[in-house]
Amino acid sequence: QDNLKGLTIGFSQIGSESGWRAAETSVTKQQAEERGIDLKFADAQQKQENQIKAIRGFIAQGVDAIIVAPVVATGWDDVLTEAKEAEIPVMLLDRGVDAPEDLYLTSVASDQVLEGRTAGDWLVKEVGDADCKIVELQGTVGSTPAINRKKGFEEAIVGHANLTIARSQTGDFTRAKGKEVMEGFIKAENGGADICAVYAHNDDMAVGAIQAIKDAGLKPGTDIKVVSIDGVPDIFAAMVAGEANATVELTPNMAGPAFDALSAFLADGTQPAKFIITESKLYTPADNPQGEYDTRKGLGY
Amino acid sequence: MKRLHLERLANPQLLALAAVLLINWALFPNFFRITWQDGRLFGSAIDVLNRGAPVAILAIGMTGVIATKGVDLSVGAIMAVCGAVAATMVVAGYPTPIAVTAALGVGIVCGLWNGFLVAVLDIQPIIATLVLMVAGRGIAQLITEGYIVTFNDPTLIFIGTGSLLGFPMAAVIALVLMILVTLVVKRTAIGLFIQAIGVNRSAASLAGINSRILLMLVYGLSGFCAAIAGILVAADIRGADANNSGLWLELDAILAVVIGGTSLLGGKFSIPLAVVGAIIIQAMNTGILVSGFRPEFNLIVKAGMIILILMLQSPLVGTAVGFFKRDDKRVVSK
Amino acid sequence: MKRSLRPLAATAVIFIIAYAASVLQFPSMLSTRVLGNFLTDNAFLGIAAVGMTFVIISGGIDLSVGAVIGFTGVLVAVLISWLGVHPLLAFVIVLGVAALFGAAMGAAIHYLKVPSFIVTLAGMFLARGGASVITQDSVPINHEFYSAISDLMIRLPGGGRLSFIGLLMVAIFLLGALLAHRTRFGSYVYALGGNPVSALLMGVPVARTTVQIYMLSSVLAALSGIVFSLYTSAGYPLAAVGVELDAISAVVIGGTLLTGGYGFVLGTFVGVMLLGLVQTYIIFDGTLSSWWTKIVIGVLLFLFIVLQRIIFAASAPGEEKPEKA
Amino acid sequence: MADSDYVLEARGVMKIFGNHVALDNVDFGLKAGEVHALLGENGAGKSTLIKILTGAYQPDGGGIYVDGTQVSLDNPLHAQTFGIGTVYQEVNLLPNRSVAENLFLGHQPLRFGFVNFRKMEADARVILKNYDLNIDPSSELGTHSVAVQQIVAIARAVQLSGKVLILDEPTASLDRNEVERLFEVVRGLKAKGLAIIFITHFLDQVFAISDRVTVLRNGKLIETRALDALTRTDVVRLMLGKDIAFSGATDVEPGEAPNEVLVEFKGYGRKRSVLPFDLTIHKGEVVGVAGLLGSGRTEVARIMFGADPADQGTVSVNGKPSAIRKTTDAIKHGFGFCPEDRKAEGILGDLSVRENIIIALQGKLGWFKALNRDEQMEIAGRFGESMDIRAASLDMPVKLLSGGNQQKVILSRWLATDPAFLILDEPTRGIDVGAHAEIVRTINRLRDEGMAMLVISSELDEVVAYSSRIVVMRDREMVAELRGKNINPGVIVQAIANNPDEAVA
């Protein structure tokens, strides 16, 4: 991998809206450092237009390669064509784009629908035949992960008539909103007595929901099951305390595989797989949450 | 005496609040059911008070700013900064009172900075506070280094989630703050001076009001209120979330003040009514939550409500219910 | 030089100095590519900011701009991709919808006497909510008309491109300047911002003008939404969140007073370019973390405003100037 | 019914604000080719009638007739289409726009749909020539003095008036030459058959130019009469409903030894504003300041009060050297200041009359010694009584008061602080005869009580009436100090005009 040493690579990151995102940024920087890459980092503050600007800026600067974590899937054709014309390879992180495949080298991403399905499958197994009223904490309205994780989860529970989603509201991917919405759900569902499980599109909202459940005098993890996605340290801490039941890991190390692919490509022109799917691993309290917590703590979550 | 009371009840803010609560009640019959649980009151109506507290607190500071014909866009960012300060300090092992005091101090400093830009450098308030709105969140993230800084400090957590006489701490703090600030403003000449500056700053200065110091003070108060709100929000989730704490809350606070009847053109203001405005907004939000609307409709419902409330308050409709209006038939000197 | 033109000159001078300083540090910032990108990448912001300039000169503010951009983008995409409407017809439809929307806001501001801040805030919720009710997904637009327009560009030596949308923005700025400074409507806008009571007594048709101003702003925001959809070949309900604040900053940096009555459309152009310069500089630097990016943008914003203040402290509008007949 | 040789007519017009009847069943008819004076005390309803005649307000009863047919005027623009041009009482122009644009707003000459600036400015230059105003039409209106703005407002109204010209106190801020100019223009228009309504508090001017006069009192029509049958005393009696003794020049005992020194300015001045001056003010004396428009009188007042701090010279108060850097410094020394531009710098429009009166006193007391509502009411009521402020209620916003009453409110504001030294810039501008005499009386009374005052006024008769001493300003410099016998209009004019080449406008 020495052939990456001294290269300049531009990294257009979405922003720093969540702990997971911050972890991805710091892991990417770490990976670049290990390989001796000069990483040019541009934060887009959640705006696609800023990402396009950043990519154009990288092209104008003449970087050797570009990695992008696209905020949405659409709208990349023009700017990627421009990069191609300038012969700069582009790699996509954590989400694909709706653009011709020849416009980018590879896309390293998780399968968000699978994440939702994994969470759903776990819950289906967990409750068995018992009736289960689920409340759902959605991500930001209209964001891709929210749409996909909802879809995957619904796919998993469809055909299991005993599992129903009773209520679904957006918690904006944040702890505070997750807590507030869960409070509302508890009031709306007979003081929480009717709720069997909460499914949160990310761990932060789950952490907020856990607090709301405790404030309502119920036991999270027991009275109301908690399942969520991301695998951030705090959800493992909650598992240790017996307050969370399951999480699906989304690895923040997307850049590593991307750099590897680039290295191989630059060395002898090896075309990497177009879609590198990262693992969506399910964690439950049986998977040594304390250990997971400790290994993740320093990653910048 | 009785008549005065009736007139009070007829003011548009309270009417709007009643309307929103009625709608909530219609959509969710258990809305007013309150039970006693673990030594405190528990129910949707209590949630409204609890969740509405941060915006209410912001609105208290914002009212002063708007009365001087200004606006403070930075309060959301200041919340994030102060929450971050308090959280990182307790995590670093400082005693809670020191951490809280430091956070409040930082809030005041942020506010004074805004005041300095507005009063001394004469920069337009919207743009002066935009600076801190943009940079402040960055500062907050710098403090937390992008993490959500979680803590387990019992005192701080009590501030966020504890209760006093069954009422949530946040609501109690908002109420106390409202009473204190209202008293200070009413019992001293500060309120009058704030109005004078808002109505005509050059005339006020010629009449011997030191508008610079007063403006600094008003923005400082807004920063202080933002700091309290920031600490409350962080304490509530036991963590300082620099990215999301207070995000877009400045708009809610401004909305609350305007719903409370204070004109964005400066002048007459009412702090208690701004707090009522904040409660109205939160009642709306909680109503959306418990009623089970699909989240895509949240914003539309909210927009519809705002339009409704503003129609209720507009002078056009106001003349129709002018019958209730108070100030028309007062003392006639001759 | 005319006193009122000085803030404009100031902003331009600041831009040139800042640009020169950036070029000294990163010589490649002088390329035609970067200059072309300035126009293309800021096209939608610029077009929206023209409308915002009118609103602010009239003493109001329009917070709905970003949401209208998002809404029109979605509407255009849905019309074209789902309903098979030809893009040109789709453009006409969304511009019409936006005109109605703006007119409604203007009418509410004038007749209900509600401050523009609040009316347009409600408008923002409405437009953003409307967009996410239509669809939550990002809807791609694949139409030959769209690809034809993206291919429409002038290539400059050195890899630069003058794109259609970039040139459209320049054209809108020129038209906006003409409208503001050379027509009766323009003078009414300034009149409203200067003193609405006087304006009424002098015979300015206040109601009509107010409605027209917000119509103009919404129509330009819709045009900006169309440009945004050309820029990204898609419509997305969360597109352009917070663009109104960028537009307001650009307008104010361009020397327009938020209190109304004073300002220049072309100043806004320089303001937009300044914001673009800041972003480009940060990208070229490439070492700033997410949070330092925010702080630096804030600090630069502050520096620009203070610089403007310092240069023009002696000649702020309204100040007395000795003059003898 | 009135015959329709009236070009503009109001029949039985009513206007009610809240529960205050501003106009009560007023008839008013205007004939072509006449100058019709509309008279009445402050708050009599003159401006309100004008606003109804021009569509700015809608009447609550009665009707408006143009050439005998009833019309409903929706707004001033609508009135303009009938050829009605108006100068409203407070200068209602756009300070942020050029002089030319203010003249032509709404009627700018167009070429290909765009405003033709060259033609507009050339036309403006020609129009302003008629008023001897030689200013750059492209300059911002706000950079000019109130007087210049007033002339521009008149010029605009004249341009717009095809049939009717309405002038609501146009001369309040003009000097004699300018008034004479205006009258020439008015006579010319009258000769062309225009109908002109003229409101003023200067009876001389009424007699100089008017043909008929209508008098309002407390919103009621008292009488409309041909002027040649009336004497000044008749007019005053009609206005007030009683006789007043108009106090002419009070005799200032010339030989009297001056009291102790209160304030002493030495080499006091400010760059680009006022050349350094020396001035000593004693207790119990009134120093009048005379000079042409723009001679720097207002600047002197502002420097003394610290509104624009001096950058040279020294000041001592009660013999002690002092520093007056801000207005609060001045107030601490017992200064008070009624500014010239009452709308922009005087009143706090949205606040109540009561709050406007106590604000300076409260400012002096500081933040924590707040006057409670009863105390405020007591103080405001006291001054409301003694200054005869006509307001429906002390709680109504001061901006709804008539101009003259606003002026009294501001004067009361300072009297409430019990000042040692009061600076008054044009205190009688826009004030009716009754109130005028009252203010002159008040000034005299205050002087006798030992207060020192500096009074700026363009009314030479008036300055003469109360001044113990008069300083004359020319071209931003104090050029003369007149005492004793020299205090008479002739000498003052001489002093002002000493160097006629430099006279402004």
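By written order: A, B, C and D. Residues from 1 in each chain.
Throughout what follows, a contact is a pair of C-beta atoms (placed from the backbone, for glycine too) under 8 Å apart; a residue touches a chain by one contact, two chains touch by 3 or more.
A quick note: this is a predicted structure, and the numbers were derived from the prediction, not measured.
Listed by label, the chains that touch chain B and also chain D are C. Look at the CA centroids: the one farthest from the centroid of chain C belongs to D.
Simply put, of A-C and A-B, more C-beta pairs touch at A-C. With centres set at the average Cα position, the gap from chain A to chain D is 71 Å.
Chain B and chain C have CA centres that are 30 Å apart.
Contact with two or more other chains is made by no residue of chain D. Across the assembly, chain A contributes residues 16, 22, 25, 141 that each touch 2 or more other chains. Residue positions 132, 136, 289-291, 293-294 of chain C are each in touch with at least two other chains.
Every pair of chains in contact is given here: A-B, A-C, B-C, B-D, C-D. For chain B in complex with chain C, the touching residues are 71, 117, 121-124, 126-128, 130-142, 146, 242, 251, 254-255, 258, 263-265, 296-304, 306-307, 310-311, 313-316.
Residues of chain C that touch chain A in their complex: 26, 28-29, 31, 33-34, 37, 40-41, 44-45, 132, 136-140, 150, 159, 228, 231-234, 236-242, 276, 279-280, 282-284, 286-291, 293-294.
Only residues 28, 30, 35, 37-38, 42-44, 47, 51, 141, 145-148, 150, 161, 233, 236-239, 241, 243-245, 247, 286, 289-290, 292, 294-296, 298 of chain B touch chain A when the two sit together in their complex.
Against chain B, in their complex, chain D makes its touches with residues 18-19, 305, 307, 326-328, 331, 337, 339, 344-351, 355, 359-360, 362-371, 381, 384, 390-395, 413. Listed in rising order, the residues of chain C touching chain D in the complex are 2-4, 178, 182-184, 186-188, 190-191, 193-195, 197-206, 261-262, 317-325.
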